[in-house]
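Listed below are the structures to be examined.
Each of the two complexes below includes chain A, the first together with chain B, the second together with chain C.
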Partner chain A sequence: MKNPVFLIAKKEIQIALRQKLITALAIVIMGLLSVALYAGYIAYTQQQTVVENAQEKSRKEWLEQGDKHPHIAAHYGTFVFKPKTILSLFDFGLDTFTGTSVYLEAHYQHEFMFRPAQDHSSMIRFGELSASLVLQVLIPLLIIFLAFPAFTEERENGTLKLLVSQGVSYTPIIWGKILAYLSILFAIVFPFFALAIILSTGITTSDSIPDPWLRVLFLILIYALYLLIFVSFSVWVSIQSSTGRNALLTLLTCWILFTIIIPKTTANLGESLYPLPSMKIYREAIQKDIRNGLDGKTPKTTREEQLKKKYLQDYKVDSIHKLPLNFEGIRMQVGEDYGNKVYDIHWKRLIKIFDKQNRISSLSSFITPYLSIRNVSMGLTATDLHTSIHFQKTTEKYRRELIRKMNHDMAQNSRYGEFYEYKASKNLWKTVNGFRYKTMPAYKILLLYRIELLSLCCWAILVFFLLGYSSRKIKPVL
Partner chain B sequence: MNRVTITLLRFEWVSFTRNIFQIVMLGCTFLLGLYAIYYGQSEIKVQRETIKDVIEIEKTEFHQYQASFKEELASVTQKKKLTIASDPAYAWHRHGYHAILHPHDYAALAIGQCDLHPFYYRLTGMSLHYQLFENEIANPVKLYVGNFDLSFVLIYLFPLLIIAFSYDLYSGEKESGVLPLLHIQTVSIRKIIIIRLVFYFCLITGLALLISFIGLTTSGNIMISENRLATLFWLLGVIVYSAFWFAILFCIVSFKMNSSFTAISAAGVWLLFLIIIPAVLNVWITAKYPTNSTSLAEITRRTSLENEEDENEAKEVITEFLAHNPHLKDSDSLIHNNTLAKAYAALTSLKDMHSKEDVDHYNNQIYQRNQRTSDLHWINPAVNMQGVFIHIAKTDLNTFHQFHTSIELFHRNISDFYFQKLFWDKPIQPEDYSRLPSFTIQRDEVKWSTLILLGIAKVSIAMILFFVIGFVIMKKKRI
Partner chain C sequence: MLEAIDLTKKFGDFIALKSLNLTIKEGEIFCLLGANGAGKSTTINLFLNFIDATHGKAMINNMDVSKHKETKQLLSYIPENLMLYKNLSGLENLRFFCGLGGGNQSKGELEELLEQSGLQIDFIHKRVSSYSKGMRQKVGIALARARGAKVLLLDEPTSGLDPKASNEFSELLLNMKEKGVTTLMATHDLFRAKDTGTHIGIMKEGMLLEKFESKDVSFQDLEKLYLKHMHN
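Coming up: the complex of A and B.
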């Protein structure tokens, strides 16, 4: 005799295939997945070309800026553009809401400019169709439509009684049904997962993700777990409900709470509890600390006086004109270093507020598995806030290196009091390498999302426990 | 109202009051509505406090300049302060003015795009584009998720409430075995369903109006002239949007399917209007009308004269600038004084002039793209209604475009104020501080009303369409 789990699964699949609504929904979802991936690919290629061209142009301008004083070059600066990663075609994440370019110049850390959402009307706030949206939000709805009558229908038709009287225990019935729904889902998403694997292995090395295949593997694993949780949860609700109507309404209510209401309220709550400073106040605080010193007692003039004294003592001379290097270059670099130190303190404070705000969403993933998958998926596709912050850090590091080289050259090769007399050439500009960005490795990202991963595991354990518990308590007739 | 109608309404009222689940749902929605109002108001309060701080900073800055005229010039710092206050060569790029977009009273109810766009800018006479593209600090996760404001509750949650209350108006009767009894009555089933729908329409729309009224009265004075029309439009919008969803439910119910199928269909329509259609349109718009902001990045660069020590180059720049500014043209006789400072001012102004074409081209691309988007509002009344709400609250993209246009004019006034002094070699006098340029936003109130009414009309047409379809199908379809 065949394993009852497979027998039940086979019967469930046959029933599902006979239902026009389910077939239609499956086709719609496959269609949406195709459109989403195609649109993602178009957006990726468009953006990638634009960014590569802009980056190239910016590099060319830097190298061919002509002979000029290094400090003028430091102000002329350069631009860095955020590259789009290949995996972003699957999950757009926060790309629409983070700035895409930044101007790097001396003394000042500019903010990222041009958030793509700013170019859209308010419709953008309704979300964009991506494969991740389909998998995270729409497929759970298909699962609900598939699984809500799992037990209620058997009970309403009296077939559950018949099944039990045949000697089948509840556990194989439950798992047979879960297996059937998972097989249907697998048939729907398999072509897309296969495509993702092929794409990830075929990615050229120019992409900024160093380990795409590993990320794709993790994505497949966590999405499989997420869908398993939703299927098991839906079957459990069906077991617990007296009628199909009740099961459906309960599941739809849960879906709305999980995917719409809780994510929004937690993000909003985060902002209300930990308010962000306005840009003006934030900038003013940085400038004030640079002006008056971090302790509020050593203003810029005093710091410069101390620096001057130190150099005169170190080189045992009585005038900065007699120093073997241009003191102006030293002063600028020390000023730059101090500005960086102040900036780092304020920036870290700001990032900490972001962390606190987002922690509420992370912890809420114990209430809704959607938040776990949303956050981990964004992380793995490098479209999340952590990657955005990592990118900002990399650009800032690049800016500091660029300015340091300019100040160093000025200190070493020009004389104090001379400005227009000294001009650096392309040889100096060439010492600053072109900007290249590589994302964090996948394991680091996963570590950052350990709460979400833990919550996903807890969800899986919870639904399996509930199913196990309910299988012993099921009544064939309510 | 005849007796049958009264009996039906009374029956519906009794069954509603006995249904704890429905009462709890209404109560929860009411509480969510109150939370949304509170959240929106707290968001706008933060903006208003920032604006207050910004105004204070500007006041302090200018107060210092004015005070420096009266101070004794004992220290280097005091002398420097007076130079910045009186010498236009410094003042034009040091004096910071703020262009502020004060949030409308009802912005708290529909936050719209106002968390995405900066609502104030500090402007000096320096290149406008150097100052215009800096963003306000925002958590991208929060921007992505959106705001839980009243417009969200009305647009997303109320349709769900409507679905939950009315999906089984027909199938419920059928499944509980009451339908044959209804058929033997003198009243038609269609009439019974319509009366029941009207009852729930009054109930749910009443709740939506109550929450809206609380929101409107606590966010601003509804009687003042700026808010009166906005209040009316908001309440009208709520009624029409609610009616639209009842018309959809009537249409779905008219197919006389079982409860589960009706609920699935209604949930499907909700999903279609609120998630799928906007999500598909957004990616379509992005792919079809791509914008390229990288070209704009370049114009934010700080630039200087090629050879600062070359006086001829400086003079050439000034001459080119004067050719574009006839009101300053005669000052060319003074070109030898303060040449470098004048050249910088001229260069900045010319740079803005040359970049204007790129900026206008970019803005035009966005305008075209959003025109296409608003054309598509016909197929999605939910997005359309959201557009109407944020238009009423003046938190839409159009308002930010108007803000930017007004900023351009303001920046020109600032530059002109200082350049008049700089190019005519005149110092800034204490009395000039009473004639400082000030910012006003240019608005088109007629266009504002027209767009709102047009938006509401589109939803009304969709509502009528669905109702008529439902009415016809209900008649044709047998049990």
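Coming up: the complex of A and C.
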């Protein structure tokens, strides 16, 4: 006997292919995916070229800045650029809103500059057309139009009676339909995923993602699970609905709630419950703590005086001129270290607020699977907030190392009071390595999104349970 | 072959079928007559296990239909308005439903069955959306034959058919009877019941009021008997 699941799936595919609306929607979605991926690829190649050229130019400028005092070099500074990752052609994530470059110099942690969103109109707030947007938002719409009549039409037309009278139980009917819809979706998205795999493995030489294969594999798995959840949920709604109209209305309402209303509401809720300080307040708080000390009682002058005393005692001399090293270099580095300590405290506070805001979004994924897939997809394509923060930490580490080397050279090789006379050369500039950025490994990213992954699993279990329960209760006549 | 034992169905307080006791032997065509709401379709739905009995049992080949799924392999069902998948052709529908029932006929065999069931050759490969009701019923008969059904459950199958199509349908039923197929048919059509049925039962308000062999009554007697029960 032929497997009824496959027979039903084949029949559903035959019927779907003969429906003009489904064919038209599938063509539109394939067109949108093609445009989105092509646009993503163009954006990737253009930005990657710009970033590579700019990074190279910046490095050249650093190395060829000429002989000068190390502290002047520390203020001359350098630019570092956030590389665009190959997977970002699939999911633009927050790349449009986070900056692409930062200027590194002594004493200051500058803001990221050149946010692509600055160059767009206000329409960018409604989202760019990316392949991920098509998969996360538009394909569920196709699923709704495919699956809403799954059972209502069979019941309304009377074919369900005929189907059941052949001795087929509801479980193979349900899974046959799910298999059919997934096969249709697979036929639509497979060429694009295949292209993504080819691109992600073909262009890896200068890419900042260390494990593109693994990430693509995870992306395929989580998107397959997301689409399976949506298909199963749609079929379940069709089982529960008395008419096709009711099923369609219910599913469209859920789609609006899942993809528009709940995500926007939770984002607003996060911002209201855990507001971020303005950049002005944040900067002023850091400067105040550096000026007055973290305890508010040890101003900069006092701290410098204490440092001076300590060095005079340690080296048993009565004047900083008699120290075997340039005290100015020591003072600069200690001041830098204190500034870093203050910055780290304020930065951690800021990250804590981000984490709280994100926690609301993560927990809301239990209400809508869209938030799960959106967050995990951004994470795996390295276009999320965590990757952005990781990049900022990496640039800050690089800045500190650069400044430390300048101050160390100044302390070791120049004398106190000697500023314009001492000049370091290219040999010092070369000790600072060129900036290279590698994202976190995929497993670390997945750990950061464990709530979203758990919620996807919970959604899958829930819809399978509902389908199993309904398959025992369903009757061909109401 | 078919047996109802104290078969009862309630929908809330409404009794759709009340303690039906009925035995239909192999090769018999039992016609259930009655007005709308008499319990004819409920009886068919209970034998199909589409609905659960409140009390009693519906048996096919000595097996309780609610406990033995395999009873479905023995039967074929044709409702008043047999609905097939309109985007598939008659042949594609037949092949699909036969496959579900475990049939493994070739395309040629299925085409032949459709032809033998009276479907015009031109329509075999056309989409069902272009079929008349009579043509769909013929696909139903072809399905019953393809599956080698031992039991036919028919819910007003000739309702709305023109006299020629009705007559063709009756001939097909008699043809299947000769092959030992047992039929339970709910109908409003007294003439068809007398003409096709071996046995007739009259139902009213969920009860089987009378049952007899069709050869024992003339069409006029049947009509009088039916009207008498309907007016009481």
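Here, the second predicted complex is superposed on the first by the 478 of 478 C-alpha atoms of A that agree within 3 Å, B and C clash if a C-alpha of one lies under 4 Å from a C-alpha of the other, contacts with A are read in each partner's own complex, and residues count from 1 in each chain.
As a working rule, a residue touches a chain if its C-beta (ideal position, glycine included) is under 8 Å from a C-beta of that chain, and two chains touch if they have at least 3 such contacts.
All figures in this text were calculated on a predicted structure; none of them were measured in a lab.
Legend: residue contacts after superposition of the two complexes on their common chain; A:Arg18 is shown touching chain C, with no touch to chain B. Of the two partner chains placed around the shared chain by superposition, neither chain B nor chain C is touched by A:Ser319.
When the shared chain is aligned, chain C comes close enough to touch A:Leu162, but chain B does not. Of the two partners, chain B and chain C, it is B that touches more residues of chain A. Of the two partner chains, neither chain B nor chain C is touched by A:Asn427. Put simply, chain B touches chain A in their complex at residues 32, 35, 39, 42-43, 46, 50, 53-54, 57, 112-113, 116-118, 120, 122, 133-148, 152, 156-157, 160, 164, 168, 259-261, 263-264, 267, 271, 274-276, 278-287, 290-298, 300-304, 306, 308-309, 366, 369-370, 373-374, 383, 386-387, 390, 396-397. The residues of chain C lying in touch with chain A in their complex are 45, 48, 50-51, 69-70, 72-73, 75-77, 79, 81-88, 92, 96-97, 99-102, 104, 147, 153. The residues of chain A lying in touch with chain B in their complex are 21, 32, 35-36, 39-40, 42-43, 46, 50-51, 53-54, 57-58, 66, 72, 75-77, 79, 81, 93-94, 96-101, 103, 105, 110-130, 133, 137-138, 141, 145, 148-149, 244-245, 248-249, 252, 256, 260-261, 263-265, 267-268, 270-272, 275-282, 284, 350, 354, 357-358, 361, 385, 388, 420.
The touching residues of chain A, when paired with chain C in their complex, are 1-2, 4, 7-8, 11, 14-15, 18-19, 157-159, 161-169, 475-477.
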